[in-house]
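Next up, some structures in C-alpha cells.
Both complexes below contain chain A, partnered by chain B and then by chain C.
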Partner chain A sequence: MSASAASTKSDLFTYTLRQADNSMVLCQRLCEWAARAPELEEDIALTNIGLDLIGQARSLYQYSASLCDPKVSEDDLAFMRDAHQWTNLLLVEQPNGDFADTIARQYFYDAWHLPFLEQLTRSHDTTLAAIAAKSVKEAKYHLRHSSMWIKRLGDGTEYSHQRMQDAIATVWPFTKEMFVADELDLRMLEAGIGVDLDVLKRAWESQVVALLISATLTKPIDSEAITGGRQGQHTEYLHDLLAEMQVLPRSMPNRQW
Partner chain B sequence: MDLMSKNTEIQLAHVRSILDTITDPEIPALTINEMGILRGVEIEADTVVVTITPTYSGCPAIDQITDDITAALAKHDYLSARVALVLSPAWTTDWMSDEAKEKLRQYGIAPPCKTSLLDDSQEDPDVTVIVACPNCCSFNTQLVSHFGSTACKSFWQCTDCLEPFDYFKPI
Partner chain C sequence: MNSKENRTTLSAEELKFEELLASGRKIEPRDWMPDDYRRTLIRQIGQHAHSEIIGMQPEGNWITRAPSLKRKAILMSKVQDEAGHGLYLYSAAETLGADRTDMLEKLNNGKMKYSSIFNYPTPCWADMGAIGWLVDGAAICNQVPLCRTSYGPYARAMVRVCKEESFHQRQGYEIMLTLCKGSSEQKKMAQDALNRWWWPAIMMFGPRDDQSPNSELSLKWKIKLFSNDVLRQKFVDIAVPQANILGLTVPDTDLSWNEDTGHYSYGEPDWEEFFEVIRGNGPCNKERVSNRREAHENGQWVRDAAMAYAAKRAKISLSQAA
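The block that comes next holds the complex of A and B.
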C-alpha cells in the first residue's frame, strides 16, 4: 500500500469513528431516560431514538473496525477505549439535565445530523453513503420529534417557556463545535468523501432560527466555541458515562449472552 | 436450458418456498419476503446465499431473522447456507405489496402510505396524510407519538372508536 493510500485509510477510519462515537454516546444518554421520562410515550420515543442511534453506531463501528490494522472488533472500539480516545462532540456527552435540557441537546443535534447525513449520501465512499442513506430516514423522525417538543414547551405556558429558554442557553455554547472544521474534515471534503461544514452551518442556522421564532424562543447570544471533543479532550461527564457503559465487557471480557 | 441450470432453478424455487415460511418476529402476520426484508437468493457452488436488509439500523429482529433462515434451510439439508446483510438500497415501505398491506391492516396495524404521497416540505408530513383506523376504518384519527411499540411504527388513536393503534411509518 502506498503512503497516501495508507493515510487515506487512517483518515477514513477516524472520520467514521467520529460519527460512530457521536451516535453511541448520545444513544447512551437517551437510554438513561428509560423508565424516567415524563410520560410513557416519551419513554418509548427517547429509547426508540436511542435504538436507531445504536444501530447507526454499529454499522459505523463495523466499518471503522474493517479499516483498522491491526485487527479490532466493533466491541473493542465501543468498550475498550478510554475517554481521551473518544472523538465525539462535547454536545452529545452533556448530562441529560431536566427534560427541556435533553430536548434542547437533541434538537440542536438532530438539526445538524439530518443535513450532515443528507450530504453524506453523496459521498464518494460507497459504504459511508449507504449507511447515511439508511440513517437519513431515521434522522428525519428524530428531528420531527425534537422540533415538536421545542415548539410545545417554548410556545406553551409561561413556566414551560422559561424552562425551555433556560435549557437552550445551557446547551448553546456546545453547538459551535459542530461546525469547526479541522484538517481531517478539510481533507475528507477535498477527497469528495466528507461533509462541507460551512454549507451545513447555513442549513442548521436557518432551520434553528425559524423554529425558535415559531416557538417564541430567543436565540442565545453567541459565545466562544467550546471545542476539543474530537481531539479527545472531553468534559468530566464522558468519564462517568463510559464507566457505566463499559463496566460489564471490561470486568468480564469476551463474555456472551 | 441445460441440466445444470435447470437443477439450479429447481433448487432456487425450493429455497424460496422455504424462505416463504419465515415471518418477521415482530410482525408475525407478514413473511420476510412480504416485508421486503428478503432481497435475494443465490446458489454459489454448494452454498445458498440469502441476502436480507434491515428495516431500521437498530432493528433487533435482524439477528433473529438470520438465525431463523439458517435453521429453516438446515432443516431441509441446506447445511452451508449463508446470510448476507446489505444496507443499500435502503429499505423502504414501498417494497410491501398491496396484499401485504391488507394483511397488516387485518392484523391491527394501519399500513403505510406510499412515500411519494409524503410532502417533505411540511414540518411533519405524517400528520398531513390521512390514516384510517384499522379497527373501524374511520378517518378521524390523530397522532399520539412519532414512536410506537417498535422503531418502525408510530402511535395513533381513533377519535371515533377511541382505540389506540400502531401506524407503520412510511419511510
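The block that comes next holds the complex of A and C.
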C-alpha cells in the first residue's frame, strides 16, 4: 500500500468513527430514559430513536473495524476505548437533564444530522453513502419528533416555555462545534467523501431560526464555540457515561456475551 | 324450551351471555356482560398492563450496561415491547369502561397490583438471561391460553403480545447459553441467577389450586382456561430440560421425573415469602413503585404542555375554519 493510500484509509477510519461515536453516545443517553419518560408513548418513541442510532453506530463501527489493522470488532471500538479516544461531538455527551434538555440536545443534533446524512448519500465512498441512505429515513423521523416537542414545550404552558428556553440556552454553546471543520473534514471534502460543513451551517441556521420562532422561543445569543470532542478532549460527562457503558467487558475482557 | 324453564331466574341478557360463552364465541365490548365479569376483567387486564410497565424496570436498569452492542439493541427492543404490551392492555381495559390515567393513578398509589415477580432485584447481567428464559417463559405458559380467553379485545391483545414474548424468551435463553459456554465465572453468574429466579418464576402462576379463591369463577367465565397448578406443571416440564441443556442445577431438591404421571414432580415454594412480597414487603416493591411515581410526576409538566399546545392548535384551526 502506498503512503497516500494508507493515510486515506486511516482518514476514512477516523471520519467513519466520528459518526459512529456520535450515534453511540447519543443512543446511550437515550437509553438512560428507559422506563422514565413522561408517558408510555414517549418511552417507545425515545427507544425507537435509540434503536435507530445504535443500528447506525453498529454499521459505522463495523465499517471502521474493517478499515483497521490489526483486526478489531465493533465491540472493541465501543467498549475498549478510553474517553480520550472518543471522537463524538461534545453536544451529544451532555447529560439528559429534564425532558426539555433532552429535547433541545436532540433537536439541535437532528437538525444537523439529517442534512449531514443527505449530503453523505452523495459520497464517493459507496459504503458511507449506503449507510447514509438508510439513515436518512430514520433521521427524518427523529427531526420530526424533536421539532414537534420543541413546539409543544415552547408554545405549551408558561412553565414549559421557560424550561424549553432555559434548555436551549444550556446546550447552545455546544452547537457551534458541529460546524467547525478541521483538517480531516477538509481532506475528506476534497476527496469527495465528506460533507461540506459550511453548506450545512446555513441549512441548520435557517431551519433552527424558523422553528424557534414558530415555537415562540428566542434564539440564544451566540457565544464562543466549545470544541475538542473530535480531538478526544471531552467534558467530564463522557467519562461517567463510558464508565457505566463499558463496565462489564472491561471487568471481564475477552469474553463472549 | 326445557332449558328456558330451568333458568327462570336468568334474564334474557344473562341467557344470551351464557349462550355466547357456551358457544365459544367472544364477548365483545358492545355485548351485555355481568358486572362481576367486567370487574374481574378490568382487574386482571389492568394488573397485567401494570406488570408490563413495572416489568420494564428490572431490565431497563441494564440497558446502559449491556455488554455488547448486539445485546444492548436486543434489550432495548425487548423493554420497548413491554411498553407496547402495556399500551395494548390498557386499551383492552378501556373497552370495558376503565380509564388508563385512572389505572396508572391506582398503580402509583398502591391500589392496584402488578406481578410480584418484578419485585426481585437484578444485580447481575445473568439476570437478563434468567428473566427472559424463566419470567417471559412462565408468562408465555400463562398467556398462550389467554389468546383464547372469552373477552375479545383481551384475547386479541394477547395474540400480539405472545408473538413478542417468544422472542423475549429466546433472547434470554441465548444469554444463558452464552454464559454457560463461557468462563467458569460466567457460568457461576448463570447458576446464581437461576438460583434466585427459579422459585419466584414458579410462584408466578399464583397460589395452589386449593388456595386460589378467585380461580373458580374465572374458569367458569372462560377468562382462565387452565388452573394455576396445570400451568405451573407445564412450565416446569418445559424449563427443567432447558436447564439440563445449560448444564445448570435447578434449586429444588424435590425435583424428579415421575414415570407414572409423565411429568416432573417438584417441591413446594415458600408461600410465606410469596404473600410477603404481595403484601409489599419484597426486596424492590418500594423502589419499583416510587420510580414509577417519580417518572409520572416528573412528566406532568410535559403532558400539561402537550395538552395546552393541542388546545391552542385546535382553537386556531377552528377560527380558521370559521
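We take it that the second predicted complex is superposed on the first by the 255 of 257 C-alpha atoms of A that agree within 3 Å, B and C clash if a C-alpha of one lies under 4 Å from a C-alpha of the other, contacts with A are read in each partner's own complex, and residues count from 1 in each chain.
The working rule: contacts are C-beta pairs under 8 Å (C-beta built on N, C-alpha and C of every residue); 3 or more make two chains touch, one makes a residue touch a chain.
Since we're looking at a predicted model, the values are computed, not measured.
Peer 1: Pick one for A:155: touches chain B only (first), chain C only (second), both, or neither.
Peer 2: Only chain C is touched by A:155; chain B is not.
Peer 1: After superposition on the shared chain, which partner residues are touched by A:79: those of chain B (first), chain C (second), both, or neither?
Peer 2: In the superposition, A:79 contacts chain C only.
Peer 1: For A:182, using the defined touch cut-off, is the partner it touches chain B, chain C, both, or neither? Pick first, second, both or neither.
Peer 2: So A:182 meets neither chain B nor chain C here.
Peer 1: Is the number of chain A residues in contact higher for chain B or for chain C?
Peer 2: Of chain B and chain C, more residues of chain A lie in contact with C.
Peer 1: Please work out whether A:58 is in contact with chain B alone, chain C alone, both, or neither, and reply first, second, both or neither.
Peer 2: In the superposed model, A:58 contacts both chain B and chain C.
Peer 1: Of the two partner chains, chain B (first) and chain C (second), which one does A:41 touch, if any: first, second, both, or neither?
Peer 2: It touches chain B and chain C both.
Peer 1: Would you please give the residues of chain A that touch chain B in one complex and also touch chain C in the other complex?
Peer 2: Of chain A, residues 41-42, 44, 48, 51, 54-55, 58 contact chain B in one complex and chain C in the other.
Peer 1: Touching residues of chain C toward chain A in the complex: what are they?
Peer 2: Going through chain C, the ones touching chain A are 53, 56-57, 60, 63-73, 76-77, 79-80, 83-84, 86-87, 125, 175, 178-179, 181-183, 185-186, 291, 294-295, 298-309, 312.
Peer 1: Which of the residues in chain A come into contact with chain C in the complex?
Peer 2: 28, 31-32, 34-44, 47-48, 50-51, 54-55, 57-58, 61, 74-75, 78-79, 98-99, 151-153, 155-157, 159-160, 163, 244-245, 247-249, 252, 255-257
Peer 1: Using the touch rule from the top, collect the residues of chain B that touch chain A in their complex.
Peer 2: Contact set of chain B toward chain A: 54, 56-60, 87-91, 123-124, 126, 144-151, 155, 169, 171.
Peer 1: In their complex, what parts of chain A are in touch with chain B?
Peer 2: The contact residues of chain A facing chain B are 41-42, 44-45, 48-49, 51-56, 58-59, 126, 129-131, 133-135, 137-138, 141, 144-145, 147-148.
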